[in-house]
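A, B, C and D label the chains in the order they appear, each numbered from 1.
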Amino acid sequence: MNYALVSVALPMITVVLLFLVAAPVYSRLQTLVTGGLVIIITVISLSTSWLALLEAAAQSTTSYLAIGGWEDGLAIRFRLTPVVALMLTFTALIHLLLALYGTFSRHGVPKDYWSLSCFLHGSLAALWLSADLFNLYVTLELLSLSAVALVALAGPGAWKPAADYLLLSLAASLCYLFGVALIYGRYGLLDIAMLTVVVNDDLITRLALLLMTAGLMLKAALWPLHLWLPAAHASAPTAVSALLSALVVKAPLFILWVLWSQVAPPVMAQQIGPVFALIGILALVFGGFSAMRTPYLKVLVAYSTVAQLGYALMALGLLLAWQQPEMNSALWLFVIAHGLAKTSLFLAAGQMQTTLGTKRISGLRGATQTTPIAMFAFAVAGGSLIGLPPSGGFLAKWVLLEPLLSQPQNWPWVLGILLGTLVSAAYIFRLVVMAFDRARINPPDISSDHVGQWLALVPAVLVWGMALAGEQLIQLLGEGI
Amino acid sequence: MSNLATALSWILIAAGIGFFLTGALGLLRFPDIFTRLHAVTKTDTAGMGLLAAGLAIQAADLLDTLLLLFIWFLVMGSTSISCQLLARYSLERDPIDEFSLPNEQADSIKTGISKTGSKSAQQIKPTRENATQGRGDHG
Amino acid sequence: MNSGAFYLSVGMAVFLIGLHGLLVLQDNLRRVIAVNLMGAGVFLVLVALATRTDPVDPVLQALAVTGLVVAISATAFALRLVSARIRHQQHKTKPDDGRLSSHKDKPR
Amino acid sequence: MAELVLDITLAVLLLSMAWGALHAPIINNGIGLFVAFGIVLALTWARLGAPDLALAEAAIGAGLTGVLLLHAARAIPVPTATTVMRPLQMMPSILLILLVLGLLTVITSSGPDSVFQQTPPLPDLVEERIADSGVEHPVTAVLMNFRAWDTLLELFVLLLALFGVRQLFPGQRVITRTGTQLSAADKPVKVQPWPPLMAWMGVLAPLLVLTGGYLLWHGSTAPGGAFQAGAILAAAAAVLHLIQNLPALRWSLWPVRALICGGALLFLVVAISTAWLGAGWLHYPQPGNKLLIVTIEVIATLSIAVTLALLVTGDSDDFTR
């Protein structure tokens, strides 16, 4: 547990130090210095969260830490389970990749990115660890404020989507808080572990969970409430939209999972399971359809986030419907595979956009010649999104499909997954085909930035490397909480 | 507490509330900003004073009474200052003709305006200069 | 107890007024006010639930104070964002020529 | 009977002002109604027996939010009627109907034998443990000791809001790299504000600082505490800014930055040192916890005051009026 505390406290300390020093980040040297500092911080927190993962995997029970030493109901509690430790490592890994991209690639990141990314890292770590409903509200608020500040970094053009994103996420947090208030009113408890024992199925609990689910679905941009996401993610700077899609939309999904698999009584969870699975399929189809239609590169990648979250929601739905703990590994493998693949997609898209000087997909003609490595990264990461065999995406889809194939009567879910695969293949290949069209090449405006393109390739290779660690990952995540 | 004192305090409180009501009525009915400001400020101060006095009679000990009077002092100060500020601000935004202006600005306008009562901006140029020295910066 | 239930429903009503305003109004400044009203509604519910115990439940009061400070910081940021955008729109004289950072097509 | 009348009037006021604040034809009327809503809400907190919240609501909810709103409303060029109703989309109306159903369930279920009837365990838990929490007032004990982690994240939320606001005006920031003074020509001409205003603010500002200090110190035994005191000090700063002799609060001056980051940094350092040396994360040592809590509260009040002052009055070199 001490390792986890280090990976929470470290980013917060760096944020305050960066504010105190307020070092100007204008010249190349200053970017290197600040970026170097953030890279060191993320490497340390990556190693500590890795140790925490090993520790959590070793011990069977989940370890709790009551903050301030007060007994159970009163104090806020941190809990460390394999899933939480894995998400801590995943957050540190994504922040490390983006810090490297920000320091060494030529286009880099806006100068205020560094302290805000440490803020995001700290609030995410606090969110994964926290086992208290109100504390989750405060960390959610910290998370969405830093995400909006990051989106607003892209200059006046991004201020309108940032304002809409902020207003909707504030309204969503207040819906969530309303649910927390009703739960406290009904049971007098805020601690999640103690609530699981006490909760029973009545009207107020249903209303509270409904409110919290509505708030969290709006924050995670799950299908019916996703309208703010494409504008916000497309207008944000490259590294920021990678951060948003890979991590920020996953935190509300994590809380949704905690709520429905732990807090809600099993009979209620079984009723909501099919609903989530159905919404997942609709998200896949409609998200994919919008991704196919949009003429803009970054909007395509943003809509593919909305679509891929459909997979995660379907895994959650089926997990709740059949109450089988090993479906957990499907859900979390999706989250990690999608995070890595989406980082690579956004970095590659950002590189191609700045090098070819166009925001439209039609401007990517001949990208395989002008920006070969970026296009390669895009295709490899796209392969994992579709779920081609040896990639992380395929691993998750395989774990999801396994129980479905064993019982023939739930063929509609298999049909939904295949439909989703088809749609995601459609919008990825739409772009790959455009890139191989070498007849009317769109000449690059500026010399391509090789370091940045190779950095965009790293997460794509990682997501394909996930298959190597497939067995341990499935076994680690299998037993659920 | 003798019932005479309670009766007196309730009379004072009723009078205070009466003042507040007339102030609100004045705010709704009066035509322009100056008269409405006048109505609200005067009745607020008087009503607050009566209310404070009425409550002070029922107050348990000296500390509460002093607290009530202190509140009344603050209300009196704030409302009068803000009323003056609002009046000067609206006067500076659209100066009205010279007849109803208070003393020193009235004659400066008289010297400024050759024709009778025309309110065109350039003719009352002088009043703008001396009005600015009194304008607080409402940044 | 009935005063608690009464204020519970008043809090819920204020929350609904705020939510309705947020969904219906177009002017962003008013939507910020709407979000503040939603916050006030939720805090009303919180404290209405707190009045069930004899000395009012301190935990819920602390939650409400914490929520209030979150609300003010979020509102300050939202207001500055909204007014910055309005000020930027005023100064934007030349038509937007598809510069990289700005994003013309608003996907519906 | 009297309580019922008070409840009904407060409820009617709250609902009508809430609706008016959103749908008043002119935006400034809307903001005025919202500030009045804040004050009536503070009255409701007092009626419901939550004095801490009443203080915080009056200082923060009605006061500072009102100033921020009016400041933002000045950015809108002409106060036109801005209640263009957006066509009521399908999705929001469905959401709304669901929530109205929720309202009915809440009312029906919170009748006399209501589901909420059973008393929650936490308040009596707080009563027992308050002796060794270092503070007598239960709300401050919960804020500063039992749920200290929430308050720590709270300070970071404030810090983040200020940082988010700061980078919205990168273009207009006039930080002279070499620190040379602005030339006399473009220094804003000092307009001497109206003398009686100066006099009254001269009385009001020290009074506000005094009240803030009293609230902070009294917070350990009675309603009050870091947030309420910080908000009142920020109000004092706003008042001083009105008469333009607020000392230059600039982000580029390191003491200002130190003050702003002080609260969050100290709390985090305490958390880490208790985890490392002491018994556990934010586990205050038993004898010294009152002193520790008071120092954290004082520094937190200063940082909250300066942060809110900067949020309300805006950094002087940040953007010119």
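Observations
Simple rule for what comes next: a contact is a pair of C-beta atoms (placed from the backbone, for glycine too) under 8 Å apart; a residue touches a chain by one contact, two chains touch by 3 or more.
Treat the numbers as computed from the prediction; the structure is a model and nothing was measured.
Listed here as common contacts of subunit A and subunit C: D.
Measuring from the average of all protein CA coordinates, the nearest chain centre is that of C. Here the spacing of subunit B and subunit C, counted between their Cα centres, is 34 Å. The centroid of the Cα atoms in subunit A and the matching centroid in subunit D are 31 Å apart. Averaging C-alpha coordinates per chain places the centre of subunit A 58 Å away from that of subunit B. Centre-to-centre, using mean CA coordinates, subunit C is 14 Å away from subunit D.
Multi-chain contact residues of subunit C (touching two or more other chains): 15, 19, 32, 49, 59, 63, 66, 70, 73-74, 77, 81-82, 84.
Residue positions of subunit D touching 2 or more other chains: 95, 99, 102, 106, 116, 119-120, 122, 126, 146-147, 150, 154, 157, 160-161, 164, 168. Residues 3, 7, 11, 14-15, 18-19, 21-23, 27, 30-31, 34, 37-38, 41, 44-45, 48-50, 52-53, 56-57, 60-61, 64-65, 68-69, 71-73, 75-77, 82-86, 88-89, 92-93, 95-96, 99-100, 102-103, 106-107, 110-112, 114, 116-117, 119-120, 122-123, 126-127, 138-139, 141-143, 146-147, 150-151, 154, 157-158, 160-162, 164-165, 168-169, 225, 227, 304, 308, 311-312 of subunit D are the ones touching subunit C in the complex. In the complex of the two chains, the subunit C residues touching subunit A come out as 15, 19, 22, 28, 31-32, 35, 38-39, 41-42, 45-46, 49, 59-60, 63, 66-67, 70, 73-74, 77-78, 81-82, 84-85, 88, 92, 96, 98-103, 105-107. Contact residues on subunit C toward subunit D in their complex (touch as defined above): 1-10, 12-21, 23-27, 29-30, 32-34, 36-37, 40, 43-44, 47-53, 55-59, 61-66, 68-77, 79-84, 86-87, 90.
Within the complex, the subunit D residues that touch subunit B are 191-194, 196-197, 200, 203-204, 207, 241-244, 321. If you check the complex, the residues on subunit B that touch subunit D are 74, 77-78, 81, 84-85, 88, 132-139.
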